[in-house]
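One chain, chain A, appears in both complexes that follow, with chain B as partner in the first and chain C in the second.
For the complex of A and B:
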């Protein structure tokens, strides 16, 4: 399973390195989203500082939609999905590989967006350990859930419009947990940040398990 | 000797539409079988069903000893399908596409270079992104994947399409070479002269839904390799 996961992740990441879609299109898109948020709040530093973490995760969610669409778009083109099915690769390995590749792209985007909210919004980062753990768990959860729902929508002609409809409501706990943990890390809320990590960890565990166990069925039936 | 492919009253659906509605077919080891029929006759559906990509919902379908109606997945790694699409990645180079396909199928990466050479994909071509290739070159890359994987059963859907005369000859040589090494080939082609020349047996697919061997009650084991005057077997609509 892990050998197959590494193989699939390597392939997806190699495709991204060659096409440069993440760096040349998705990353600028993420920064434009942040800029637009900045315009919308009209230079109100207090709001921008306090809303920064939430806006950061909204931007990450929007970027994750693009990364997942792209990940399954690769397989939809020129019968590549059939090639993947014919290869005999372990379905759980394919799931983990695709989720790993999406997670790696999200990690890059989160680094870019972190720089963006610090520079544009004057956001505080605070506790680096809590912040790092939040990003890791939220990224794993988003990548796993996105890969599950991406596969579900992949076989449909309306996949581009259906995926946001399926995914965004489902990942609401990630938005909530990650935003609250970040606020706590930055000292902008009175609650403890670590308890929100429990929510993020549970979400990630559920969707990793769902993907490992159910991706074969999704790949066959979607 | 067990057949490589054994279909009996095999039924497959695309959505709610029956693309195969009672197919009977035996294909024996080292045979080259040509599926022949009009557009939409069901040739591609038979190939996809044998590859385990189209679910057989009724009847019997056994390929390489694997019961496809129960679970088609175990057969896939042992079968190679050259379809209308290349099943490759535009952004990867030719060599990277081959390396991924071979390693994903559990093969040895060292089989990539000989396959590239056999298909004449030399010079700068191995490092060229697939998106930059012509249709014929893409077809040769897809063929190179098949050669590098060297599966037990080759399923070829219009394999001559897009190839120039030189590479059509090469394809025919590859097919004959594969069967000489014990592989089995089923192909669907509208290139009658070429396909007839290499096919050991021809099966007519008709009615858009069904196919039958010429002599369902008799011994339909073919002679090996190409026959001088291939016999066109009877079409059958279930």
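For the complex of A and C:
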């Protein structure tokens, strides 16, 4: 399973490295979203500083939609999805590989967005350990849930509009948990940040398990 | 059999008539008890009457989503795999969504008079809104058309993902500090918090809403079955109708000439692009 996962992740990441869609299109899009937040809040530094973690994770969610659509869009042409299905690779391995590739792209985007909120919003970051742990758990959860729902919507003609409707409500707990943990790390909230990691870890574990168990069924019909 | 005869076919049967009749009687009694017999509350006044709608709606919403998850599990289980379970899951989710909307609207009206706001970011309220959103997504996924078997598998996995929100929403008032009050009736080892006619009316509301839920579910199941039949057989009917039109256009006298696009001398016209498109593909 893990060997298959590494193969699929390597394939998706190689395609991304060659096409540079993440760096040339998604990352600039993420920065534009941050700029738009700045216009929307009329460059009010206090609001931007305090709402920075929430805006950061909203931007990550929007970018994750693009990354997931791209991940399944890669296999839409030339019967590539049929090729993947008939390759003999383990379905759980394909799920883990695709989720791993999406997680790697999200990690790059999160690094770009972190720089963005520090420069544009003047956000404070605080405890690096808490920030890093939050990013890892939230990214795994987003990538796992996104891969499950991406496979569900793949192959449908309305996938572009359907995926946000399916995915965004489901990943609301990630937005809540990650924002609260970042606020605590920056000293902007009185609550303990570490307890929010329990929510993020539970979310990630549930969706990784669901993906490993159910991806074969979804792939058959994708 | 064609589209017209199928769309005119009622979804009622003896079961829906009996359950529908009982529901009507029950709603009448509930209205009298809720609006006339049951007294206003000493603190909440007349707004307490919303308690005869709100908790029962929430329970029916949970029931709908729970049955949807059960139907989906039954579909995914190889021994019980049948499109009937898929239809059951879809119908349950639709009825559950209707009751979830009723629950949110009645709760919002109550909140306006009790808390002074239509909406507050309380854990129970937020999770119920989230629950509605994920099941709206599930219903959108069901409406994507295409092969019924493929749709059923996809939707069964989605339903199980969506159902994960239900226990969290139900336990929200116990796990977090919320504005929403805790359980009024079913308290483990403790007596209910309301008494007399208020308790009687509230208990009756669960029975009546349960009947209403069953009546709606039975009708929705019938509609789902008819929709699936159109998906399966509509293509054949559409071609038969176009052929019948082609035959009707053939001149009865004189030499028979080929009809445009038919490829057959005097034969029926080829189906149009619209008729040739499998049902559901145009969605």
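Heads up, the rule we're going with is that the second predicted complex is superposed on the first by the 221 of 222 C-alpha atoms of A that agree within 3 Å, B and C clash if a C-alpha of one lies under 4 Å from a C-alpha of the other, contacts with A are read in each partner's own complex, and residues count from 1 in each chain.
In the analysis below, a contact is a pair of C-beta atoms (placed from the backbone, for glycine too) under 8 Å apart; a residue touches a chain by one contact, two chains touch by 3 or more.
Please read all numbers here as calculations on a predicted model, not as lab measurements.
Judged by the touch definition given at the top, the superposed model places A:89 against chain B, while chain C stays out of reach. In the superposition on chain A, A:44 makes contact with neither chain B nor chain C.
Judged by the touch definition given at the top, the superposed model places A:15 against chain B, while chain C stays out of reach.
In the overlay built on the shared chain, the residue A:166 is in contact with chain C alone; chain B does not reach it. In the superposition on chain A, A:156 makes contact with chain C only, not with chain B.
220 are the residues of chain A that lie in the contact sets of both chain B and chain C, per the superposition on chain A. Per the touch definition, chain C reaches chain A in the complex via residues 76, 130, 133-134, 136-138, 140-141, 144, 146-147, 149-151, 153-154, 156-158, 160-162, 164, 283.
Residues 4, 7-8, 11, 14-15, 18-19, 74, 77-80, 82-89, 216, 220 of chain A are the ones touching chain B in the complex.
The part of chain B that touches chain A in the complex is made up of residues 51-53, 55, 73-74, 76-77, 79-81, 83-93, 96, 100-101, 103-106, 129. Touching chain C in their complex are the following residues of chain A: 148-149, 152-153, 156-158, 162, 165-166, 169-170, 172, 206, 210, 214, 217-218, 220-221.
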